[in-house]
Each structure stands twice: as C-alpha cells, then as structure tokens.
Amino acid sequence: MRKILIQLDTDPQPSVFDRVVAIDSGVDELFSYGGVTPENVVGLIHGAIFTRGVPDLKNTAIFIGGSNVAAGEQLLAKVQKTFFGPMRVSTMMDSNGSNTTAAAAVLACRKHVPLTGASVLILAGTGPVGHRAAQILTAEGAEVRVGSRTRDKAEQTCFAIAKVLCAARVIPVATGTDAELGEACDGVSLIIAAGAAGIELLSAELRASLKSLRVAVDLNAVPPLGIGGIEVMDKAKDRDGQLCYGAIGIGGTKMKIHRAAVARLFESNDQVLDTAAIYAIGQSL
Amino acid sequence: MRKILIQLDTDPQPSVFDRVVAIDSGVDELFSYGGVTPENVVGLIHGAIFTRGVPDLKNTAIFIGGSNVAAGEQLLAKVQKTFFGPMRVSTMMDSNGSNTTAAAAVLACRKHVPLTGASVLILAGTGPVGHRAAQILTAEGAEVRVGSRTRDKAEQTCFAIAKVLCAARVIPVATGTDAELGEACDGVSLIIAAGAAGIELLSAELRASLKSLRVAVDLNAVPPLGIGGIEVMDKAKDRDGQLCYGAIGIGGTKMKIHRAAVARLFESNDQVLDTAAIYAIGQSL
Amino acid sequence: MRKILIQLDTDPQPSVFDRVVAIDSGVDELFSYGGVTPENVVGLIHGAIFTRGVPDLKNTAIFIGGSNVAAGEQLLAKVQKTFFGPMRVSTMMDSNGSNTTAAAAVLACRKHVPLTGASVLILAGTGPVGHRAAQILTAEGAEVRVGSRTRDKAEQTCFAIAKVLCAARVIPVATGTDAELGEACDGVSLIIAAGAAGIELLSAELRASLKSLRVAVDLNAVPPLGIGGIEVMDKAKDRDGQLCYGAIGIGGTKMKIHRAAVARLFESNDQVLDTAAIYAIGQSL
C-alpha cells in the first residue's frame, strides 16, 4: 500500500519547498492543495479517513504548511476536530518551517550548553519561530526571556507558552530601547534571534561585550542578519569567544528534522506532530 | 508506459477520496484538476488524446467526479463530444459516488432476492444515487417505484430512465404523506433509501409492519438514518425478519467496484463507464 | 534521489499535454502549477533551489509552459533572475509548444535542402512558432523572409531576431495582398506556414506554381490548412514535385524533441533550454 501525504497549504500555491522535502522523505504519493481553510478542509479530511480501512490508515497522513503560521494553527485545530474515534490520520504542522526551525535552533544550543537552568534570550520572541523556540527551551527547564519591542506583546506570548506548559515560568522583556536591550541581554548564556528579514536586532559590539554569552543563533538568511557579526553559513563558528550559528548553519539540521518527521507520520495513524513532538524527533536523530 | 489517470473534478478542490481510491486501484500517475467545466475542459482533453499514439492511449484515462452529479453529467457529455475517431481515452463518471454506490446497493439486494419481477421502492428516488439504483433495477427487470415527495418530480426521473432504457416501465409514486407512503410500500420486497443526510424517510414501525419486505438498504451514513431501526454498520442484519443494510455495510462493496472500475479503464481506450457499465463491473466481482 | 520536474504554467490549469510528455520523458515526480506569474513565482523557485544540496540540484528542474508565449518568456526571465550563484536548476521553456514545434519544422526542411544559403519564407512569421523557426533558420545561415500582413509587424520580429543573433540579416516581407505574397514567394526553396488555425495563407495553385519550392511545411492541424493542398498527415509527401509536411507529419519529431529536452534537464543544474538549445537537442537525435 502506497504512502500518501496530503499537503494542506494555507497559501494559494502549495509550497514547492514542502513538496520536495516530502518526496525526499520517502512519500510515495503527494496530494497538494493550496488555499486550504477551516471552511473547505472538511471534505478533504473525510476523503483521507473514509478511503482505507483503519489498520491501513497509517499509510495516509497530512502535512499542514503555508507562510501564515496562525492560519496553519487554525487549520490543525479544525483537522483534529474533524477526526473521530479511530477515523484519523497522523498530522504534522510546520507552517513557514516554524517547528522544524525552532527545534533545530534549540538543538544547536544544546550541543554546547546544558539547557536546564540556562538563561536564554529570544529576540523577536513573539514571531512563530521565536515563540516555538521559547516554548521548547522552557519545557527543557531553561529560564527564558521572550523579547519584543514592547513588554506587552512579549507578555502575550509568555501567557500562551505558560498555558501550553501548565503554568511554566517565562519572562517577557522589552528590547525596544538600547537600555532595555542591554538589560535583556544581561547574564544570558544563549541568544536566539528569530526576527524578520533585514533587521538587525543586536549589534556586533553589544554581542561581543556579553561576557556570559556562550552561543548566539541567528535564523535570518538575508543580510543584514539579526545579530551583528554572524554570517549565514556560521556553524559553531567561534567569534569573540562565542559559538555562532547562521541560518544556513542551522538549515542542515532543520532539513533532517523535517524529513524524519514526515517519515514518522507513517508509523501510526494517531500522531499530531506539532512543536514538542517535532523537537523530540530532532533529539532522537 | 505509465498508467495516467486524469481526475476532472467539478468542485474547486479535487476530491481526496477519489484520489486515494485511484492510487489504491494501481494508477501510476494521477493528474488532478478542480473547478473543471464544459468550458475549460477541451484543452485538457486535447492534452490527453494528442500525446500518446493510438495503440498507447489505453494507458491514459479520465475520471469525472465532484459533489454535483448534474455538473458531472454535463462534463461527461462534453468530454465525449471532444473525442473523435480513435482519438479518445476511456472515461469513468462517478460524481458523488453515485454510480458505485447505486451498483453496490443493488448488488446487496440481489444476493437475497431475484431481481427479475421483484417489486422495489426507491425512497428519494429522484436524487443521483436513487435515480441510478432505479435505473439499474429496471434494467434488471424489476418493477420499480421511484418515490419522491410529489409524484411530479418522481415522474421526471421515470421519464429519464425510460428514455435511457428504451421505454422501460418505471412507476412514479408520491411519498409525501403517511397515506401515500403506506401505499408506496405496499407489497414491495426491496426498499432502498437514498435521501439526504439526517432525514428519516421510513419509520421503524412502518418498516417492521411490511410483511412482503425482504431487504431494506439505507445509504445514509449520518444519523438519523433514512430507514428507522437500521444501523450504519448493518450488513444483511436480520431485523424483524428483514435483511438490513446500512451505508457502511454497503461501503465495502462500493469501494471494490470503484477500484475495479478504475483498473478497467486501462484495458482499452474506448470505454465509457457510467451507470450500466459500472454495475456490470460490480456483477463480475 | 527522485527526479522532480516543476511545471509552471501561465494558464489557470496546468497543461495535460505537457504533463503526459513529462511522465513519458522519465520524470519521477511532477509538481504542476497553474496561474503562475512573475509576481507569484519567486517562492516556488526558492522552494526548488533551497531544498536539495547543490550537487543534487540536477535532480530538480523547471518546465515553463502555457498558451501565451509572451507570458512564458516573462516568466523565464523572472525565474533566471531569481537564481543566484550555484543556487539554480535547469529550466526549459516551451509555451504553446513553440520551441519544439519550430525545431521539428526546421529539421524536416533540413532533411531535403541544405539550410546554409537557402531562401526561406515563413508565413505568419511574427507568431511564436514562426518567429522561432525564422530565428533557427537564420542562425543556420539561411536567407529568411519573415512574412506578415504588413511589413511593419514583420520588421519588429526581424529586429528581435537580429538582436539575439548579433545583427544577423533577416528580411521582413509583407504578404497582405496577392502581389505582395507572389513577390514574397519568389525564388524560395522552403516555405513554413505557422499561422492561426483555419486561415489559408497560400493557395494550392500559387504553391504548385512555385518552380523553386522544394519543401512546404504547414503547422496547422485544423482544416483549412495554411497551405492549400497539404494534408495534416503529410510527411515528405510529394505534391506537384514539392515535398509537403502537415502538422501531424511534423508531430512525431516534435514529441521526440520535447521528451529529449525534458530528459536533458536532469543532466546538470545550470541549463536554460530555449530556442537554440532545443533545436540543438533536435539535431542530436
């Protein structure tokens, strides 16, 4: 029985990126849909769950993607609500690469610094990748500061993480002014920058001056990068006594996690591969 | 040479259901199109018939589907009109599963009651599945009553069937009132209910009271079912001395017919698999 | 590693024709997109170039098609502009079959007449196929007359060809009146008609009267053909001492070139298969 992956993309055109990775993950047949919404997805899900017998349903799976992570989350919620009893197929959600990228960034940090008790700053921590990196690190026992221009916005992300992780402590910090940023960086051993393309969030000078900083990860592939002095190909590159990673330095691990997660979908019909599960797959590699 | 199935769906998104079944029927390559209309289909058909030599055209085929059966019929007519001489590929039409479901329902009845001369009532007989079940049974020599709320609507379906089957006799009956329904059921040995989801067409009490009734088939998967007392998993389940079938009890045969019909497409390039041909395939299984 | 072809079609529905040929060319996976424009193509290209390592990028390729050749040319330009450094995949452009058809027409002529120095008339030479046939023949050293109803329109095509071929000489000719057409035909050994369906560009009488004419090719599959007396199946058919080709007579070679060009895409990641390259592939067959 052939392994079918149903790609549900919230963008008008289904992502070529996700299609190539699906093929390279060993999927036999790929059904790709663009413009998928909670409104039009129900018939597609019924087609997935009503066509093969329950023991064979592990050979059908769903991948949710697209550039809009909030839309992907809504779609995932609707998909899970449409399943019932054993009538379900395994589902992975990785809109905009958010889960696989966050997992790869944390795994890079983890190679060099024990995460439990580590003090971490996530710059642009309210975006999809930053949010997920903060969540994974908090679950690992790190003391995470979620940075945003204003403390208010950061607080919302911390509430969301605390809710998922049963009241875990996450610290919202403002990074809008130089003084705020300096304070946010104080004493941290890990920094992950997950901001929009082309905006420097932390200067090379301030970074170099941080005595406690052990690992700095920038997830932006387009110069100028989010953290000054880091280059996109950096992979544990020593800069000023700090181990630096750029987006491409993280990319290899991200791709491995993505492929492994897609392959994992076909082991049973009841998995939901979201942030925690995708990180766990990354750990097992 | 790889077997290519071209799925032409009249809905905006091509059906996942039909795609999974196509793969499980052994199709090598599936080209799926949504939003197909008689207006935009001609170029697609030219692409099907002008790319492989005539002796190889049996390796390309067309499947017409979608939730709107009337739209599927119009598309089938346009597709056949676009073919010319030996420049054609085999085509199957099964919008909303209408042909495969009707065939499976009749085959269930046929296991228990000789169809020639049998008296049959089709409830909601003017819908796509009911219409097709009535047509198949009439062709088999049964005396078929096509039921609808009003006799007028039922008459139209009977005219349509008579036209296809060269003036065969089909009987329109009204089932809108209790008195009409009682009369419609009088003396029948088979009842098939093919109505919309969630509407009971025949109560459990009335059904149980029908002394002549041997087999009752309900094709609705969502409770309340169309025939009272039947359950969706029923498969020749004895209830009050009557053999009962629910939608899932019929579903296994429906899927087998669907898969066999798709596989059959690739045996030659000149087949048109509509109601009668799909029923014949079901008989041969 | 599976060979992936990404079909970018400028029409709303991706061409079935191009899909079947892609499969018959040995492509393993086909990602088909309709409605592709220079505006929405960038993300698709990034997905193509950022998913596999550079040494593996030759296993991914792009095919640009659709009925509008100008739209295809704009898309090709945008695709090439999106590539950078080694981050690129091989790309073929054959909107409306323009390149493969023109190449096949010229190869048919070449079997019977040495192209260098040959005097050629292209009827409807300003359309996509005519333009490309004129360009290939000019590059081969023929003396090409590009015919159009008015000399002005023909001149634009000649300028465009001269620009691509570094100031090569191409001759614009008007063919709007009988006198102009007679003059345009005077002394030519080859005529290719590449006009719209159903318009006769050259009568059977005038053709038969041309003493110098050796080969006449008509690329129109729908009667009346563009050159009187030719039939669509003609393949080097002697008519009035002239070797005649119809659209289907050319079609076999066109298909071989199309398949060979798609297969060639997967030999390296840096090819651009446009007019000259596709003709070269045709020559090598």
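In order of appearance the chains are A, B and C, and numbering begins at 1 in each one.
We take it that a contact is a pair of C-beta atoms (placed from the backbone, for glycine too) under 8 Å apart; a residue touches a chain by one contact, two chains touch by 3 or more.
Here the structure is a predicted model, which is why all the values come from computation and not from measurement.
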Superposing the Cα trace of subunit A on that of its twin subunit C calls for a rotation in degrees, to the nearest 5, of 120
Over half shared numbers or under half: where do the identical copies subunit B and subunit C land at their interface, same or different? different
Between the Cα centroids of subunit B and subunit C the separation in whole angstrom comes to 46
Give the residues of subunit C touching no fewer than two other chains, as numbers and ranges. none
Footprint of subunit C on subunit B - complex, ascending: 1-2, 4, 6, 29, 31, 33, 36, 40, 43-48, 50-52, 60
Which residues of subunit B touch subunit A in their complex? 11-13, 15-21, 23-24, 30, 32, 67, 255
